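I have a structure I would like to understand better, so I am pasting it below and will then ask my questions one at a time.
Per-chain residue numbering starts at 1, and chain names A, B and C are given in the order in which the chains are listed.
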Amino acid sequence: MIDIEVRALEATLFAAEEPMTPHGLAAATGIENVKPALARLAALYEGHGIELVERGGRWRLQTAPDLAHILRREKSEPRKLSRAGIETLAIIAYHEPVSRAEIEAIRGVQISKGTLDALMEAGWIRPAGRREVPGRPLTFATTPAFLDHFGLASRRDLPGIEDLRAAGLLDPIDLVLEQQLEVANPDEGD
Amino acid sequence: MTDQFDLTLKRDEDETLTLDLDGWEGPLDLLLTLARNQKVDLKQISILALVEQYLAFIAEARALKLELAADYLVMAAWLAYLKSALLLPRDPEVEPSPEELALRLQLRLQRLDAMREAGARLMARDRLGRDVFARGDPEGLRVVKKPAWEASLFDLIAAYGALKARSVPAMHIVSRRPVMTLEAALELVARMIGQKLDWADLASFLPPAEDEAYRRSAVASSFVAALELAKQGRLALRQEAAFAPLMVRRA
Amino acid sequence: MIDIEVRALEATLFAAEEPMTPHGLAAATGIENVKPALARLAALYEGHGIELVERGGRWRLQTAPDLAHILRREKSEPRKLSRAGIETLAIIAYHEPVSRAEIEAIRGVQISKGTLDALMEAGWIRPAGRREVPGRPLTFATTPAFLDHFGLASRRDLPGIEDLRAAGLLDPIDLVLEQQLEVANPDEGD
């Protein structure tokens, strides 16, 4: 059996809602000389998945730093960017820096806050200062992570309008719309 | 007798006595309290003695003119019946038998007693938050879902292309065909007849043209121009026969 | 250094906000066979001020019961149950699933609405489906939080439940009555 002082400190620190001072520990456990008992507790936890640490004169038990990956695991969740998202990103990439109102003018529809948030979360766009016009609208620009993700050395590598035309990407709207409708309702064909 | 049963009497302000039944939850509870006072195992309890005690208790309460809840009186009536049935010679016609009724009551008391004791033992356990404690400030385990947004360069430029295509205003442009305008033909014919004095084929005025469409346009325009100049009296027209060359001369 | 599996379980259970199933522990730590590692962790904490316990198939770390006197604080007094509440909880725990009418038959009085509500609010009981008899009464059963609060590894650990069952005190009264009457009057059968 571990000595009663160490056990008392261990249980007290475990149940504590915040780090405790030696004074507080002494009051809680009735131990007169807390420091040596704390040293024994620290030694007891040597090599454990939990450790005793002192931070600014307060003591706490905490998980060992090398096990942090167990406690907070990141799980990446592949998600497809919405059409609004990809269009907004394209406008920012071709016109940066560009304000929200300008993006909306080009798209012809309003963009939801979520759209810019998703692009920001993806790390592809960043706020790029305010435009010195009435209302001082915030502008957006792409990030190095954007270039990285899309395999571009620089924004100049983005195909120009003429390239797009040559690639058939500026086809009349009816055709594009038709294609999109087909994509949207793949089962409706008969 | 009242003391023996922990019967609490309260003297209200208006001097009437009330029986404090708060301590008991109904007649079964009171019966169990009385039964426990026999200080024997509930299985060995004398139901007859218990009935006597209950009836005596109720009688005393009524003698003191205490208000008793109806269910206590119902139980008293039932127990009085049970008592007489147990004491009188058994009538085999009566079902269930008084012994069965007594046994049923005994079983009910045992059950209630068992659950009461179980409850007490539960409450006496090392209870979380009273005797044993969980972590005071757990960090919690977190699975952070990090969306990995997917989009390819093609998606991007295709989207921009579609956007551009969508945003260009719809404009219908008739393609420009090579024509000789009437003005040009007028000038040409006027100039040519100024250079020649004799009759000349109108067709000979026309510039050589490889483009068939332009040639036809030039023929039509110069013909109209010749008619216009003739109307103005600046030019004379002559044609030998239908489809023969159209001859012109300054008037 | 303590083995990595034990350390991982230790840190995970230390950080967890709720008791964890072996399945959840396996998912968090990546340990394939959690049970033996849990046994090693339990052994490691033998004699400590903290112990590893199983509650309704879930595992948790908690302070050792003998240190209650140090840790008990005024504010930590758990909710006070009425006598009706305690009896009702015991009846549900020992008889589950059990309907309100069955609880009332055992207690000999009606249960006030507040009694079941209070137990439900404490998170100790839950509705457990309807009984397929006329009136389709709702039944009640205990929750994992009940086992957790009262320090029970499972319902089999309910104090004295085996004795009560052996004595027939958990069976329907009519069944017991029949058996006892037969024993009392063995010649009456025909």
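In this section, a residue touches a chain if its C-beta (ideal position, glycine included) is under 8 Å from a C-beta of that chain, and two chains touch if they have at least 3 such contacts.
Note that this is a predicted model, so its numbers are computed, not measured.
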Chain closest to the middle [Cα centroid of all protein chains]: B
Chain whose Cα centroid lies at the greatest distance from that of subunit C: A
Subunit A and subunit B, separation of their C-alpha mean positions in angstrom: 27
Approximate Å spacing (C-alpha centroids) for the pair subunit A, subunit C: 41
Centre-to-centre distance between subunit C and subunit B (centres being mean Cα positions), rounded to whole Å: 34
Residue list for subunit B, restricted to those that touch at least two other chains: 133-135, 139, 141
Interface hub residues of subunit C, defined as touching at least two other chains: 12, 14-15, 28, 61, 63-64, 71
Contacting residues of subunit C [partner subunit B, same complex]: 12, 14-17, 28, 60-65, 68, 71-72, 76-78, 81, 83-84, 86-87, 89-91, 93-94, 106-109, 148-152, 158-161, 164, 167, 169, 173, 176-177, 180-181, 184
Footprint of subunit A on subunit B - complex, ascending: 133-137, 139, 141-153, 155-168, 170
Of subunit C, residues touching subunit A in the complex: 1-2, 6-12, 14-15, 28-29, 47-50, 61, 63-64, 67, 70-71
In the complex with subunit C, residue positions of subunit B that touch it: 25-29, 99-100, 103-104, 107-108, 110-112, 114-123, 125-135, 138-141
